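Here the chain labels run A, B, C, D and E in written order, and each chain numbers its own residues starting at 1.
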Amino acid sequence: MLTILLDGIAYGMLLFILAVGLCVTLGLMNFINLAHGTFAMAGGYLTITLMQKAGVPFLLCLPAAFIFAAALGLVLERTLYRHLYDKTHLDQVLFSIGLVFISIAMVDYAYGANQQIVNLPDYLTGRFSFLGASIGVYRVFVIAICGLLVVSLQLALTMTRFGSRLRAAVDDGRVARGMGIDVTRIFAVTFAVGSGLAGLGGALGTGIISFDPTFPLKYMIYFLIVISVGGTTTITGPFLAAILLGVADVAGKYYVPAVGGFIIYTIMVVVLIVRPQGLFARAAAK
Amino acid sequence: MSDLLQLENIAAGYGEAQVLQNISFSLKEGEALALLGRNGTGKTTLINTIIGLTRRRNGTIHLAGADITKMRADQRAMAGIGWVPQERNIFRSLTVEENITAVATSGPWTLARIYQMFPRLAERKRNLGTQLSGGEQQMLAVGRALALNPRVLLLDEPLEGLAPIIVDELLAAIRRIVVEERMAAIIVEQSARKILPLTERAIILDRGTIVHEGPSPELAEDAVRLANIMGIAGTPGAH
Amino acid sequence: MSNITSPSPEAMRARAVLLGRSRWGVAEIIFWILAVACYWLFPTKLSLLSEIAILGLVALSVDLVLGYAGIVTLGQGAFFGIGAYAAGLAAKFGMGTSLWSDPVIGLFIGGGVAAVIGFATSFLVLRGSDMTRLMVTLGVALIVDEVVNQMKWLTGGSDGLQGVLPSAVLGIWEFDLFGRVAFVYSLVVLFVLFVIARALVKSPFGLSLQAIKGNMLRTRAIGMPVNARLVAVYTVAAFYAGVAGALAAQTTQFASPDYVAFHRSADAMLMLVFGGAGHLYGGLLGSIIFRTMQDVLGNITPQYWQFWLGVTLVALVLFVRGGILGLLDNMLAAWRRKGGAS
Amino acid sequence: CAQEVVKVGLILPMTGPSASTGRQIEAGARLWMAQNGSTVAGKKIELIIKDDTGAADQSKRLATELVVNDKVAFLGGFGLTPLALSVGPVATQAKVPAVIMAAGTSTIVASSPYFVRTSFTLPQNTAPMAQWSAANGIKTVVTLVSDYGPGLDSEKAFKAEFEAKGGKVLESLRAPLMNPEFAAFLQKAKDLKPDALFLFVPSGQGASLMKQVGERELAKSGIKIIGTGDVTDDDQLNGMGDALIGMITSHNYSAAHDSPENKAYVAAFLKANNNMRPNFMSVGGFDGMAAIYKALEKTKGDTDGTKLVEAMKGLAWVSPRGPMSIDPATRDVTQNVYVREVKKVDGQLYNVEFATIANVKGSN
Amino acid sequence: MSPRILLESRDLVKRFGGITATDHVTFSLPEGARHALIGPNGAGKTTFINLLSGVLTPTSGEIFLDGANVTHWSARKRAHAGLARTFQINQLFADLTPIETLMLTIAEREGEGSSWWRPVGARTDFVDEAVALLAQLGISDIAHARVGQLAYGKQRLLEIAVALAQKPKVLLLDEPAAGVPEHEREQILDVVAALPKDVALILIEHDMHLVFRFAKSISVLVNGGLFVEGTPDEIANDPRVRQVYLGEEEVHV
């Protein structure tokens, strides 16, 4: 019983860690960045390469993946993405799917089509008991990192002026510029952070799932579900949504396997009908 | 030499369309300028060109002697240009207070002072931008521009939608700011009679060019002339 | 004063302008002539061409919902799949003999069932932002996908529905291996539905959809039944997608869960945006170019065609506004300017 | 002088989730041609590869085009069951033999008289696992398979064989095909405390599954992990980690198969493919080409489809996987199935074969 | 016989969280009324109009339109029953042209909005009516331009044209002249005043010149509640109104 709950939370955290970067680019910047998975994949493949080829310790790979993906994000933002902020959502979809296709082919070219796996260091494998239930060490590790991320991101957004300047820039970039907000820089920094988080998510993901070139498409639906159920105005929303979805999915498959496959989708549809802005969106926001 | 803002031979527009041609004028510290003209003659376009949000095709702009022609809008704002857009453009997902603090720089205009000027904003400080009445949005737009502590204030129809009693107060306040704090201001207004008494000079635009430039009191006294220049049939302000 | 005067010059002009918009243009006529000519121009590519016609029909259906009414949808694949399975099952159990396996009746069955489901789910997309609608339609599609997978006894589950043997079209034309009948049949169906869609979007109904897309608050204030309009167009679009699915099932003679899958919906939307949304022809052009590129690139480099497709998408968005149609517009304008200068 | 060309059209998933299947088969087929020359019975063989992205309507369209436009003498490939099934009517109508080199649901071959299979079927590969389990002290089993055709085939075959031999299947779990998370199923299996857990997931998903099996420490709680060789796919096995050591599977091919033919095959394959290890998909492609060559030899270059299918019936040869033949009655593959254990050999993980069940029929 | 009451609110309340934007407003509007609603910024004028027109639902209280209780009717249904309004901030269709906007409105009024087989221009009587309306507001020149690219003032005029095209029984005008140049403001009100005598009008406006030129009766709203009602004369000379709203403004009645 408790094990199922913990497993559900851990699964939710996996969803969240993969989606957290998207909370930033899609949620805060209002950019439909379907290429989010590409940045996560960059972090994942970097980790795989560093560990397999260079023997870099896993824990060092995490910050490396963040920095690598952030740098990649920054470069792409400066060269390509910045031309798309004032285009329609549909253009953004088309553009970012294009990037996904490109990245799939490139990774395929470099690494081949088969699954890539890393083996975690011993101190992160194994299980330990907790109130009579047992849970994997790595899952606890992921839960802890997610918790930390949520708190720090949420603080950064609500307690600093950066958050409100960012939202102003998203609301009306033209006027924000006229009010002295350096929209260009704010977007670049935010996009880099979002991409970096995606990379970190990918790196952490290597501990649970395997990577192949179709990763950005395969997980896209999951990212989007977490964000839409959680609402796009906060970081805590998707965090709680991820937990809810994870627990419901795992519990559903455990107790009623026949309908297990429907659960996540049904929750999503029901939530969005009852609360179109997402379950945990700021009530006041339109 | 004490020109604070100087436009020379400006031509600008949107995309392919050119709206303004040959605009030259200057503004001194502590001077208020009325920008008049009929609908669609390019007043807003001129304001937007000064702040740097149109496509400039020709000419230069100087602020306090420095060439700001090539600067981006946000750099110009930081260099000392405050802007009240015609459509107010309150940031909708920010609260009233955030709308001000997000753009504020240090200077005499603090949050407290803005609230003091518009007590209504203090009462509504937690409302989101979209949850304000039209007039409250207008007050916030003015407050937000002041929070930048600019040297030049560009006000695009700032009186629109304000109650008469607030209009009086705001006009008095602008007057005070210009005189006491040596801020310069360009005020766009549809109703000349409200702002001519307040300004030293007036510019009248027609089809994107300056068709008249002169002291405000002169225009204010000579209603017929004003009407002629602006191409207005009726006589404004007369009942 | 009496009102019985001849209309003013302005009124005459306005009448001309408004009616002019629904007149068939030269470019349009050329487009359809070329479409017919394809039968002789590309005799070896007829099955690809009928697939393009079918995809074009799906993109057209997305255009009605997305391009005109502004409802972002990632769920059109569900209606396509439902249409395919409905028509496929009808043909299968009609055993190639009874009326049920008649292809034309199959189209109505496919479209009809899809329309019923479209109507039932249309109420879910009346509220919310782009993102919400995107996800709700996607969610519905994923659920349909899962249902198809689970109902193995009926649908054949993940192995797909086999043994779909539609009888000859109108009892005359048997489907042949070369895809000749399939192409002509698909093109005719596409054209008929296109003409109806064309009338639809040029009518007050179509205009009201564009208005809803532009400003809901105002449409309600002028007394427009916004929800009824959205339900109507969503249902019609579901019918279109269902017919396309039925066509697919009949011409390929099977249906598989892949027909309901997420990428169907995504492709349909991509093709539409690629071609240019909100002009009817965008979806058609998009599917022609998108699919042809995929085929050509896939033959050159079966492993890495996605790369070049991706590059094209990115370049198109960066350099052109409004997809392929936007590009054509720009080129036409440039050509005119040059012509005027010389 | 112009040599007459015989075209072979392979329809494979080269992109998308099943891309690795396509790559392995293509590499296997090309290796056969490299080793055996491109001329058979005086005719030049030309290989055409088409990417169907794993979508059945594409497989069907490509098959039609290959038949109508390219006039291929053989179709081949087919990464997944629905992809093969969709091509059946085309093969029948055009009378072109279609060689199934991957798809593993037992019923496919019966759907067209022009289908011939050189891969394997799931019942074929599964039943030996059940026999071995029953014979080795395993009394209770929980099965966990992917919820689609081959998975259900495998689940059914295991249960039938295992219960016929006196064992008991406690629960049959099915995980959605596209699913990154197995926690709920594995925990359920663990809670049921069977003697063994039988696993089947398609090639490519084994890594994720085994990662979570390892994490849940099922082996530590006394549950033996068994399955078909799809789970311990050679393509990925080496990366899956030492946790897999000791896992028992049954399958028709292992890269560690001990025969001169296989040694040569593996060495050549590694060399030609940038050190990618061949898996069971690759031998499907390799032997598919073998069947095509042998059939052409038998007909002396006659490309009449019906004659070619006739020629393939009863073909028998020694493949890298061991002896194999095409059942003349069913056109399905008959081959040895091996029971294997994951072991470390020269620092690399391999499926080391330790028991052989000879001449298992693909379908009957 | 007292004139027919076209629009009425009883004890209407609207709260936004802690803010009471409309505070027990009981109000009635007879046939042919020329009524002005004034009050300080944020007094609740727009909110009151939003309640009447069905954009917002009241917290409590009731609304009657021509005798029918419409409190729970949708905005659409109220529009069909003869209620039209303009918005304080333009609400137009940026991608359509003015003529299309009006065609749409007229078609909707005549119940032809869902006709789908005939092209938009087929009803020539609608076209003529739309053209006439544009001429009436002096914006014939921009009939075929994209609304989104019009100067603000022109959009303002179109906003009013749309409401007029509905041929309403009751018309609510929320600062219709805002952003319109002074000399054109009177033109707007002249158009409005030329509406049939039995149409009831409510005007919200901060331009006292217009208000006192137009109104036959005036209500002053303060802090959500009705502060005073009276003839223009009474209001102009009410010291309390001067204190909370008019200030030094010269008012010519």
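By definition in this document, a contact is a pair of C-beta atoms (placed from the backbone, for glycine too) under 8 Å apart; a residue touches a chain by one contact, two chains touch by 3 or more.
The structure presented is a predicted model; accordingly, all values stated were derived computationally and were not measured.
Student: So which chains count as neighbours of both chain A and chain E?
Tutor: B, C
Student: What pair of chains has the most C-beta pairs in contact?
Tutor: By number of C-beta pairs in contact, the leading chain pair is C-E.
Student: Comparing centres built from CA atoms, which chain ends up most distant from chain E?
Tutor: D
Student: From the C-alpha centres, identify the chain that is farthest from chain C.
Tutor: Looking at centroid distances, B is the chain farthest away.
Student: As a quick test, compute the distance in whole Å between the mean CA positions of chain B and chain E.
Tutor: Averaging C-alpha atoms per chain gives centres 29 Å apart.
Student: Could you tell me the distance, in whole angstrom, between the mean C-alpha positions of chain D and chain E?
Tutor: Taking the mean C-alpha position of each chain, the two centres sit 74 Å apart.
Student: Between chain A and chain D, tell me the centre distance in angstrom, where each centre is the average of that chain's C-alpha atoms.
Tutor: Roughly 35 Å separates the two chain centres.
Student: I'd like to verify one number: the distance from the centre of chain A to the centre of chain C, where each centre is the average of its C-alpha atoms, in whole angstrom.
Tutor: Whole-Å distance between the two chain centres: 33.
Student: Listing for chain A: what residues touch at least two other chains?
Tutor: 104, 108, 261
Student: Give the residues of chain B touching no fewer than two other chains, as numbers and ranges.
Tutor: Where chain B meets two or more other chains at a single residue, that happens at 131.
Student: List, in ascending order, every residue of chain D touching at least 2 other chains.
Tutor: 15, 19, 23, 147, 176
Student: Go ahead and list every pair of chains that touch.
Tutor: Every pair of chains in contact is listed here: A-B, A-C, A-D, B-E, C-D, C-E.
Student: What residues on chain B touch chain A, complex-wise?
Tutor: 48, 51-53, 72-75, 77-78, 83, 85, 89, 91-94, 98-99, 101-103, 105, 128-131, 144-145, 148
Student: Tell me, which parts of chain E touch chain C in their complex?
Tutor: Those residues of chain E that touch chain C are 53-55, 74-77, 79-80, 84-85, 87, 91-96, 99-101, 103-105, 107-109, 112-122, 124, 127-128, 130-132, 134-135, 140, 143-144, 162, 165-166.
Student: State the interface residues of chain C toward chain A in the complex, per the touch definition above.
Tutor: 66, 72, 124, 127-132, 134-136, 138-140, 142-143, 146, 149-150, 262, 266, 269-270, 273-274, 277, 303-307, 309-314, 316-318, 321
Student: List the residues on chain C that touch chain E in their complex, please.
Tutor: Per the stated touch rule, the residues are 7-8, 10-11, 14-15, 17-19, 21-22, 199-200, 202-208, 210-211, 213-215, 217-218, 220-226, 228-229, 232.
Student: Where on chain D is chain A touching in the complex?
Tutor: Where chain D meets chain A, its residues are 15-17, 19-20, 22-23, 147, 173-176, 178, 180-181, 183-185, 187-188, 204, 207-208, 211-212, 214-217, 235-236, 239-242, 274, 276.
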